[in-house]
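Here chain A shows up in two complexes: once beside chain B, once beside chain C.
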Partner chain A sequence: MVNTLAPEAAEGAVRGRPSAGPAVGGRTRARRRQAVVAWLFLAPALLFFAVFLILPLGFALLLSMSRWTGFALGDIQPVGPANYTGLFASGSTFLVPVLTNTLLFALGSVALALAGSVVVATCIDHLHLQGLWRTLYFLPIVTTVVAVGNVWKYMYEPGGLVNGVLNALGAGSVAFLEDPDTALPSLVVVQAWASVGTAILVLTAGLKSIPGSYYEAAALDGAGPVTVFRRITLPLLRPSLMLVCVTQFLTGLQSFGLIIVMTRGGPGGATDVAALEMYRQAFAHGDWGAASAAAFVLFAVVLAVTLAQVWLFGRKGEDA
Partner chain B sequence: MRRRRFPWLSYLVVVTGAVLTVVPFLDMVMTSFKGPGEAGTLPYRFLPEAFDLSNYRAALHQLNLPVLFRNSVVATAVITGSVLLTSSLAGYALAKLRFRGRDFVFRFVLSTMMFPPFLFFVPRFLILAHWPLAGGNDLLGRGGSGLTASILALAVPFLVNGFGIFLMRQFMVSIPDEVLEAARVDGAGEFAVWWRIVMPQTAPVLVTLGLLTFVDAWNEYIWALLVSTADPDVMTLPVGIQLLQDHVDPARTTPVVMAGLVLSVLPVLVLFLLLQKYYVRGVMLSGLK
Partner chain C sequence: MTPVPGTGGPSRRLVCALPPALLAAGCAAPHRGTGRPGDPIVLTLLSHYASGALREALQGPVDEWNATHDRVKVRTLAVEFTDLLTTFMVRQAAGRGADILHPYCLWNGQLVRAGVLRPAPPGHAEEIRRGYSAAAVGSASVDGRVYGYPTEVQTYALYYNRRLLREAGVGGPPRTWRELEETAYRTSRRDRYGNTLVQGFGLSTYDDATTVGQTLALLNAAGGTFVSADGRSTAIDSPAGRAVFELEHRLVVGGAGAPGVNVYQAFPSGRVAMVIGAGWWTDSLKALMGRAYGDVGVAPVPVPRPGGRRATLSTGFMLGVNTAGRHPREAWEFLRWLNTEKVAAGPAGKGAGVTRMSRLQVSVGSLTGRADDMRTLLGEGGDPNRHAFLDALAYAVPEPNGPGAQAAKSLLRKNVEALWTGQSSVDEALRSTRRQVDREVSRAW
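Our next item is the complex of A and B:
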């Protein structure tokens, strides 16, 4: 590979450097050596991507159109699109509730984290000790999902902290994770709690980049704080908001570590999400074909949601 | 202009939010000291009756901590070392070396960041399980358990990171070419230029990337769960603690689990607090976690 590429690189070097003059022979050799070194430096990464990115993608695509019990590779039987149609057949739980749960979980946690982070970031912007506050909000981000999930699971118990506070306020206890109606919203709160720190950090950086003169001009015009927020802060914060939205949606649509730790999809499938379903199909039921098909469908959903957001944020920009 | 008076309302909002963020951690620590029958009973009490260390002893006793720690440390160290090495090598090639196809490779590296990890769980596991000539497999990958039963399996899917290459490349682009040219004129080979000149200048970014990678690797759960279901000998701390609940006296499950969690969360929290400047910059640079 290196040998076939090196002469081309040398050609490019000569073309790009017509002024090289008498030293061109030495230059060519140097350029050729640089190309060889470049491919050597890239080799570990490219080799990894070939074996653990491209090969798996092809393998997953093949599996998604096959029936396979998971033993000898020779037993893979092609079945065409059956795994995909199976996901959407009547009686399949994949569309409802699994995919709807996935979307609700992502939408709920993004909305909550976004609202919380916008409020906190705009407030932090006025305060002393900004570094301290950001550090505190950031603690959940560096904590393993096993700790986050278990602590919240315990806090949601009848004798846990949340019900303790509710009882102290005179309210009755809530069976947060045992009741199918409250289980998903309860998980949404935890996901938002765990991801709000990153959002605050990104938004604080965005706020810092808004020139102070805009606010001074608005104050001279007698604009109130609400007007300032709506007409100056929000529009100028749009790039940061989009970054937060897109990345948090990506995480929300794919994440199932928290759900494995806290509910394992229960009660009665109330918190079953697509990535968890995929995981279970493969490693609990040994249905590698259905699992791979589910993975590609979820990938399509993730892609569609991401593109929709990019389009929405771009369009709003034209309106303003 | 924007600070006409003391911002009471802002303080109220920020402090309330900070309390909501920190309280679960405090609850975890407090619960880890509670005695048998003290956690999960009504009415709820925040503070333990006595600071009882026996939960930590029980967690240490049950957890086989040396093995879990070893696996977590080895996997995290291998991942972090490999990501730093491969990212700075590839980042240097993409930033400072001229060759045909450079733009294409750079775009390819960027595109690797867009594939969601769940797409790869199944095929990567199968590839490791059918790895030729490992774990009793023959040349065609049949007969044995492949690489899945080795401690390496924990690290393999995370050894190279498209984001890491991107981060290093973006930083190295700003190193002046003249410095590198001068070294080359002095007879330094490309490897020496990379190691003696480029690497020292990128030290702060290396710390950032190393820290981001370390935290993610230490906290990783799903893949480790998968691998250690196949072989308990390669279990990591998060997986071991999650399993702990099935093996402890039910009257004190929660406090013992919390004690185990405190032990596993502590190293990474301390590291984050010490080096948070670098961590925060990494998140700012990427907008990602």
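Our next item is the complex of A and C:
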């Protein structure tokens, strides 16, 4: 960027040569003008940031300690930490099943997606037409969550594809989404399936960045494929694994669309998760205070889980 | 570009003027007339009659009003039902609430607590109490105070498939719970893999109507209520509530109910023998089933014992006036014209007098709480299945609508689903519902 104030500043400096005082004043004025221009350039971005991030965050924090029905801003009543204590009070469903379901859903989908993507990415790394395979596995990502949810819902139904296969094999039908014991694991499978594409993309890029000389050296030393995978591939893939783990966990903890399409939190709250509960509290029950408090609790959980993952991967790296 | 000292005026002025201008443009009130003497007042009406026949049905009388009234005009706004409450909230918070609101009566307590609904003036309240069934008036009231004109009223009755009952050797619809159970077991069929071929009694976790609506209809038929008279606690663990939970549990355990089945698809395709549903479904069934609709019958909700007093659930909508509206008197006048003034029932101005709202509702396959209008409009030659819903207007119990009603309904649904899917026993489900609903409704007041 061209500094439009530079000539003027230089001129001031030349003019101010006989005595130091006016020269310093000129430099200060120039710097101030530069600062003003810089702020003006930054202003749109800062305004956007303030309006769409800081303001809602502050408002949500205020609401989390207030009682508000969502209709008139003048009706916001401060209640202190009551909304937070209410979430964990006796009779509240927030801790069990909502928060536990959220964590189980995130943990299950991350574990499944990570394991699946490591295996698939390693296989793709040894195949021809790698771009084609990566594209095929990436396809679920470009499909909307509503379409994914509805297709899987039909597949899970008593007369659906999955039960059809089970029946053809002589097994009885399973009420995947209607049985509280199988509903959450069934959703975990869909979430993992839907997110495995991104993970494969990141991991194949990670595999490409591992120098081939390590594998050559291992081959010369007579290391088997399992040893090579455990001692070379996995440790050097750690940064990619961390990225996948952290982003998938974030997605899993905030999951909403897939669950509202497939089960709406049922049966009997077996698939109720935090984001769905917040939506229901705010928009259906008109309890914006409880919804905002739940949002901050979820934020704390997300932060804690992310920091724990970063710490864990960092520690493993040092150990290696 | 080098700024010229002293000529930063226009840009500074622009910078100063732009935010207020944008703010004014963004927060400008919707068109409600100019407010100048002699200019018409424009009232906005926000409803869920967003598409198709519903939209046209409402627009007809509104156009008639606008053509015959110079001083006050009405403009309709519509959103899908799923977005209606959210739209009320967002518009109200932004100071753009419509003058006339068309809420689901379940939300009335919530809207009254938030100060959104204006109580009906005494003259209008009196007209409403006099002209509508008790269930409709109850739906449009909170804590005994009337807040609007009831529009569509849905009563619940038992839909049954004559062919399936006949094939199972059952002569007619059940009148008591014992007959209901026997018929349900006799009509149920499953294949060797456990897939449900015919569900004897449609217990479905599909939506609120099939879960909560059905449970509350049975509860009312057993003489029970979901919440206490003051609305501050639940009465679900009464003997009537326990009897309903036990009945539903027996039906599921005995294989007569399959909660995972979507009854809205399964009943029209002849895979459900009986299900409790609301009156609006008759028209949908007619369209979906074609000639097979002849197999569909409707009977009152069975009662626990022979000769027991009939009762069922009713739900509904109403038209109320926003407290934030600037022309409440004109809004109430329009509502009176729409809901109480009588016009000819038939085409070309023939037939006995009915209200415009009654005519509108019947034209879209629904009912209002005005039994006399309904009898006139449905007449002798109409669909006999609708008469069971019409008769139920006399004994239906309105859905509870206190401030925490929506939350209480969600909690009841969760616990009913937990009971049906074997997560809870009857005792646990009753205890859990009591604890959770009591906490919610007492907090809401």
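Throughout what follows, the second predicted complex is superposed on the first by the 276 of 320 C-alpha atoms of A that agree within 3 Å, B and C clash if a C-alpha of one lies under 4 Å from a C-alpha of the other, contacts with A are read in each partner's own complex, and residues count from 1 in each chain.
We adopt the following convention: a contact is a pair of C-beta atoms (placed from the backbone, for glycine too) under 8 Å apart; a residue touches a chain by one contact, two chains touch by 3 or more.
All values derive from a computational prediction rather than experimental measurement.
A.B. asks: Given the touch rule stated above, what does A:Phe313 touch, chain B (first), chain C (second), both, or neither?
C.D. replies: neither
A.B. asks: Touch check for A:Phe229: first (chain B), second (chain C), both, or neither?
C.D. replies: After superposition on chain A, A:Phe229 lies in contact with neither partner.
A.B. asks: Per the contact definition in the header, classify A:Tyr214: touching chain B only (first), chain C only (second), both, or neither.
C.D. replies: In the superposition, A:Tyr214 contacts neither chain B nor chain C.
A.B. asks: Hey, is it chain B or chain C that touches more of chain A?
C.D. replies: B
A.B. asks: Looking at the overlay, what does A:Gly159 touch: chain B (first), chain C (second), both, or neither?
C.D. replies: Both chain B and chain C are touched by A:Gly159.
A.B. asks: Examine A:Leu250 and indicate which partner it touches, taking first as chain B and second as chain C; both and neither are also allowed.
C.D. replies: Only chain B; A:Leu250 stays clear of chain C.
A.B. asks: Which partner chains sit in contact with A:Thr93 here, chain B, chain C, both or neither? Use first/second/both/neither.
C.D. replies: second
A.B. asks: Which partner does A:Leu73 reach: the first (chain B), the second (chain C), both, or neither?
C.D. replies: Both partners, chain B and chain C.
A.B. asks: Which partner does A:Arg280 contact after superposing on A: first (chain B), second (chain C), both, neither?
C.D. replies: The second partner, chain C, only.
A.B. asks: Can you pull the chain A residues that chain B and chain C both touch?
C.D. replies: Shared contact residues on chain A: 5, 8, 70, 72-73, 157-159, 163, 167, 283.
A.B. asks: For the complex, which residues does chain B have touching chain A?
C.D. replies: 1-3, 7, 9-11, 13-14, 17-18, 20-25, 27-28, 31, 39-46, 85-87, 89-90, 92-94, 97-102, 105, 108-109, 112, 115-124, 126-127, 130, 141-142, 156-157, 159-160, 165, 184, 190-191, 194, 215, 218-219, 221-222, 225-226, 229, 237-239, 241-242, 254, 257-258, 261, 264-265, 268-269, 272-273, 276, 279-280, 283-284, 287-289
A.B. asks: Okay, in this complex, where on chain C does chain A touch?
C.D. replies: 1-2, 85-86, 88-89, 92-93, 110-111, 113-116, 193-196, 205, 259-261, 324, 404, 406-407, 410, 413-424, 435-436, 438-439, 443
A.B. asks: Give the list of chain A residues in touch with chain B in this complex.
C.D. replies: 5, 8-9, 12-13, 16, 30-31, 33-35, 37-39, 41-42, 44-46, 48-49, 51-53, 55-57, 59-60, 63, 70, 72-73, 116, 119-120, 123-124, 126-127, 133-148, 150-152, 154-155, 157-161, 163-165, 167, 193, 195-198, 201-202, 205, 212, 215-216, 219, 243-244, 247, 250-251, 253-254, 256-257, 260-261, 275, 278-279, 282-283, 288, 291-292, 295-296, 298-299, 302
A.B. asks: Please name which positions on chain A make contact with chain C in the complex.
C.D. replies: Within the complex, chain A touches chain C at residues 4-5, 7-8, 69-73, 75, 86, 89-93, 157-159, 163, 166-167, 171-173, 175, 177-180, 265-270, 272, 280, 283-287.
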